Amino acid sequence: MVTDRVKQILSWYSSDSVGVKTNLARLLNHGSLAGTGKLVILPVDQGFEHGPARSFAPNPPAYDPDYHFQLGIDSGCNAYAAPLGSLEASADKFAGQIPLILKLNNSDTLSKMEDPCSAVTASVKDAVRLGCSAIGYTIYPGSGARNVMYEELRELVLEAKEYGLPSVVWAYPRGALSKDGETAIDVVAYAAQISCQLGAHVVKVKPPKDFIEQPEAKKVFEKYGIATKTMADRIRHVIQGAFNGKRIVIFSGGEAKGTAELLEEVRGIAAGGAFGSIMGRNAFQRPRAEALKLLGDVMDIYRKA
Amino acid sequence: MVTDRVKQILSWYSSDSVGVKTNLARLLNHGSLAGTGKLVILPVDQGFEHGPARSFAPNPPAYDPDYHFQLGIDSGCNAYAAPLGSLEASADKFAGQIPLILKLNNSDTLSKMEDPCSAVTASVKDAVRLGCSAIGYTIYPGSGARNVMYEELRELVLEAKEYGLPSVVWAYPRGALSKDGETAIDVVAYAAQISCQLGAHVVKVKPPKDFIEQPEAKKVFEKYGIATKTMADRIRHVIQGAFNGKRIVIFSGGEAKGTAELLEEVRGIAAGGAFGSIMGRNAFQRPRAEALKLLGDVMDIYRKA
Amino acid sequence: MVTDRVKQILSWYSSDSVGVKTNLARLLNHGSLAGTGKLVILPVDQGFEHGPARSFAPNPPAYDPDYHFQLGIDSGCNAYAAPLGSLEASADKFAGQIPLILKLNNSDTLSKMEDPCSAVTASVKDAVRLGCSAIGYTIYPGSGARNVMYEELRELVLEAKEYGLPSVVWAYPRGALSKDGETAIDVVAYAAQISCQLGAHVVKVKPPKDFIEQPEAKKVFEKYGIATKTMADRIRHVIQGAFNGKRIVIFSGGEAKGTAELLEEVRGIAAGGAFGSIMGRNAFQRPRAEALKLLGDVMDIYRKA
Amino acid sequence: MVTDRVKQILSWYSSDSVGVKTNLARLLNHGSLAGTGKLVILPVDQGFEHGPARSFAPNPPAYDPDYHFQLGIDSGCNAYAAPLGSLEASADKFAGQIPLILKLNNSDTLSKMEDPCSAVTASVKDAVRLGCSAIGYTIYPGSGARNVMYEELRELVLEAKEYGLPSVVWAYPRGALSKDGETAIDVVAYAAQISCQLGAHVVKVKPPKDFIEQPEAKKVFEKYGIATKTMADRIRHVIQGAFNGKRIVIFSGGEAKGTAELLEEVRGIAAGGAFGSIMGRNAFQRPRAEALKLLGDVMDIYRKA
Amino acid sequence: MVTDRVKQILSWYSSDSVGVKTNLARLLNHGSLAGTGKLVILPVDQGFEHGPARSFAPNPPAYDPDYHFQLGIDSGCNAYAAPLGSLEASADKFAGQIPLILKLNNSDTLSKMEDPCSAVTASVKDAVRLGCSAIGYTIYPGSGARNVMYEELRELVLEAKEYGLPSVVWAYPRGALSKDGETAIDVVAYAAQISCQLGAHVVKVKPPKDFIEQPEAKKVFEKYGIATKTMADRIRHVIQGAFNGKRIVIFSGGEAKGTAELLEEVRGIAAGGAFGSIMGRNAFQRPRAEALKLLGDVMDIYRKA
């Protein structure tokens, strides 16, 4: 049964096929938040992005790919997102127990590339073969390799549609930006807009900071009094910039931090109208019991938002 | 019913298929200017090109993709042009109410690229799927990435023809040019000529300024006394340079400005024999009522031209 | 009816299909020089290469694509060569009245590229669709982008053969050469040889000057006493270097100049055994009557050669 | 007959086709170590990588491709891995006598490339044609050409799966790393993790040294007390980082060295839980009798591990 | 009838199709040396590589493509190798009279490229269309464009196999090498090994000099006492490095030189176990009678070797 809220959300994707909308509904109808229109997703790509020790030494059972499937299932997450190898290792064992998102591109921290650009490490056909409900792709707006990424994404989104799969876009500005600029409110909102224009069904950005990177944008924020002081203010602007709230936008938890601080941040995100959170390191680097508790608390915040 | 003027225009595209000519006729036969051979088109790609705040904060309802479809329909524009995401969000809701042009490539202002080149962010198949009447593509004559763009365009024009879709080319010179040179009369006319040679059915350029960039061209302008003093003079040269008036050439309004100044500019453009205007920021950044009034006034100028 | 001379020429292309030879025969059997084995071709790509004012202001009717078709037909040229847009604009109107050569790649003078390389702006399929009798392609021997061009040409020649179309190669040395070296006799002969090796059916080079660019070549020219003093001498060397006269080689008129000077040059070219001339600016930048007279005089020279 | 241990190993590849698992079983069920879940593989790509004299002069019979097939067979290795030419030369003669791994990319030491990247010198179809049981591919994590390699590998892994062939990945970090960093424990474990994420069925790395390259990793190794002192400690960490032991990871012998030292190293590798060794120069550069003895001793160590 | 020696040679290519072996047999069974297992091939690509005057002025009849076919036939060469244009010009006329090798890539000396890399100027399909018995391809081991060439070759070899055509690889080290290093014995032997590994059926290298380029190789040559003093010594090492003599390796004559010196060199090459010579400039730049005599003498040397 599909709730009215889920029906409303699906109505914003009316030019998509029934197949794509069905998989979008699968993401929205699974786990603790099923039917609320909110999502909490467990992503685990840190093994690829930071190496195994930095990712899993804090909680050694997490070295095992099975661990994350089970954590995603038991915590009631809407979906589990990971690179090819992690899904291949355990997808058969947990088939049908949680919607999967195959992250099609990934980066590591061993090489230094002039223009940041992840490698495409899996294909849409892999996602189909592994029973996934969506594909995931990371763009770096601001990179000199922008065209490579946007054009790869265009092709992957189109191919995924042919298989009835929606696309989740991770938008991490970097490249021709200051360090602060990577999470500046104007830049994060811009990255969300770009993702929507590129055909993303779900957009994932970092929680924006009260800082404006682009001089041209600064003038506009001041002239029109766009509020950026509280997290809720800033989230509201991002959501508005993502087709006036008609695209699903979720937020990461950022670097691992204390539980209280983390929940406070999530409350701000939820208050601003976010569709949910995507929470990796903050979940799987804690002992399992603590992770389950934390994810449950986060879901509670969204359920009551 | 097709007017004699529209029939005459279509006759210049006689080597094209009936399918392409039918879609060209759709653009010419829709809205307030239907049948006059003139066009006013609403383009909204600023969200992608400049970010959401700079584009929509002046008139917040414009954050919503539906807004622009409705504005295009209610103002009697010939067509609405936008990137993939914007069309996907609302095309189903407004199906059949206004001809659509899918802008296949787009650029953002977050990255700094040595050789300016937009990313191809949508495909011809997307245009077909969304019920569009034409594709749009931006070239930057003068860029070191010229070959990439001209060759992409060649392939897209050819593919679009297979689906009966005409091509609208946005020609914005930049790269190995002075800032003034980007809108110099010799350069704008040259950009229009290049677009026609590349197979564009409709060409969109900026209103040229009374300035000549290329020394070789300057000699010719002087020797043959080509008039460039008034806007009408310059438009006349551009139109002549676009196959002696046998290709549809329309002009942008440029940066947002006062209404009187804007209409004065349009009068000059129309007097020079332009086929119409494409007006984005000047329209959607005003309150809706003002925008409708402005677009109506612009159409009046062309109707009487 | 095919003359003995045309039969002889066709015999040099004996590994080609009947289809290719038929189109080659069409070029040789049209216009004033039909059957003589000589060709005068009208090429108009200056609008793309130099911009509209520099190309057409000297003779404004030439802004119109129809003008050149009519000029080519009325003057009795063997063929008319132009880029995509120009042919698309008028090919239907003049269908069957003159053999057409679609120039598949073109360059403009707005951008400065490190390694000169034209953009491929039309396809073999366009040539077929527009009823052309051959494709045209420009290479720049000496450019650092040599491989890109030679490899594109290889693919286009092969594809054209599948449609029974011969290939005309414009060979303009530039890049790692001195300004004089671009028309040096050793370089022009080398460029003709390269074109033949790449599979060109017809080669177009500039009239060579009495200058030798390459030190290694200079030694050989001196040792073996290769004559380079008169135009006829130099043409004779180029023709010899193009498979000992078994490939059709024609020469451009170069920059616009006085009639007497021009005809004198053509006489030298013809005396050296050239297969003909390709004459653009010198024809279409004059008033129509003068152009018809000039082209007629040029054809007379070849008829008597 | 498949042993319980082999069944267990195959169970970790449960999302793969029966075809892929069958070929994986072939590798595990051949030679002296058949059924033990351990592997010793003979790789001979030094001819390509270092030239013939440096590779084969120490033991001249090894110039002949037949030599290595016979050595692999007689020593009881699980498989023989080599580039295209070596396999083509002898595969027909030894058909069915030993599982083959076709190394699809190779590098030579004649050219100096800024971003290290092997050339793809054979195809999956070659592997099929030559009756191979797996493909091999080398990545250089840390190289600026990382994306080229990861993306080639993705395509080759996917294509190999279509033919039922598993993939063996040689992971040699280099590029933006110190010389010591190339075999640092954090880097080797990271390279193994990346290989697993890219879909490798078997991973081949070098024995790691007691050195940590990345400052961020160093903090974590210290904070969580990850043991790196003995070879067994380090191997254990690599195996854990490769999906908690659920992917086959084997180790090279490195540069040619004394027998005692070599066997001592293998004992440490085996004690850490490695799945086996891949031993090239240390085997084929010795006289045949010595090589057979050495490989037998190595297999003994693994059999007893 | 196939001799025992030819049967033996074919046996080294046992993983190839009957089609490929048949064409290899055609090369071995044609001309004066038919059945001996030795080959003398006439290659004429100098027109492309050095220009027409430098190539053909010493013997003007050689400007004509027919000349070389006739020379190859009358001298009893095993095959004639040339670029596309040369073969197209005369292949039909001489069909069936001599096996042909189409050189698929070529370079000219007009442009200066940072990383040496020939352009692919013909295709396997051209070779089939022109009735060729093999394809030819040049690699430059040592060039920074190594990967481009090796990967092109891989694809061409594979495609050629589909048509039953063997591959002849010209291996000319250059790039990151000293001038002497290009013909150093270690480098030439390495280039031959690489060619074999890439799947070449026939390898063509330059006669090596008594010089060692690579320090690592120098140590090995000294340690194992590899003889390099006489030409025969060096040829022996190259042949050994080419799969222990199980691949056909032939040698060029290098720059044009005196007859006595040339024959002396060939005697050394033959004494070292070479499979033959490939002789271009030294043949076609002499008067025809002298060329026939020279080629006959060379064949005699191999017949008696």
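Which chain is which? They are A, B, C, D and E, in the order written, and residues in each are numbered from 1.
We adopt the following convention: contacts are C-beta pairs under 8 Å (C-beta built on N, C-alpha and C of every residue); 3 or more make two chains touch, one makes a residue touch a chain.
Predicted model, so just to flag it, every value in this text is computed and none were measured.
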* Touching subunit D and subunit E alike: which chains? -> none
* Asked: Looking at subunit A with subunit D, do both copies bring the same residues to the contact (over half shared) or different ones?
  -> different
* Asked: Cα centroid separation between subunit B and subunit D, in whole Å?
  -> 58
* CA centroid of subunit B to CA centroid of subunit C, Å -> 36
* Return the residues of subunit E touching two or more other chains; collapse runs of consecutive numbers into ranges. => none
* Asked: Classify the inter-chain contact topology: is it line, ring, star, complete, or other?
  -> ring
* Asked: Quick one: ring order starting at subunit A, direction subunit D?
  -> A, D, E, C, B
* Enumerate the contact residues on subunit B facing subunit A in the complex. => 47-48, 50-54, 56-58, 60, 63-65, 83-89, 91-93, 106, 108-114, 117-123, 125-126, 129-130
* State the interface residues of subunit D toward subunit A in the complex, per the touch definition above. => 12-16, 141-144, 146-147, 150-151, 154, 158, 173, 175-177, 186-187, 189-194, 196-200, 214, 216-217, 220-221, 223-224, 226, 237, 240-244, 246-247
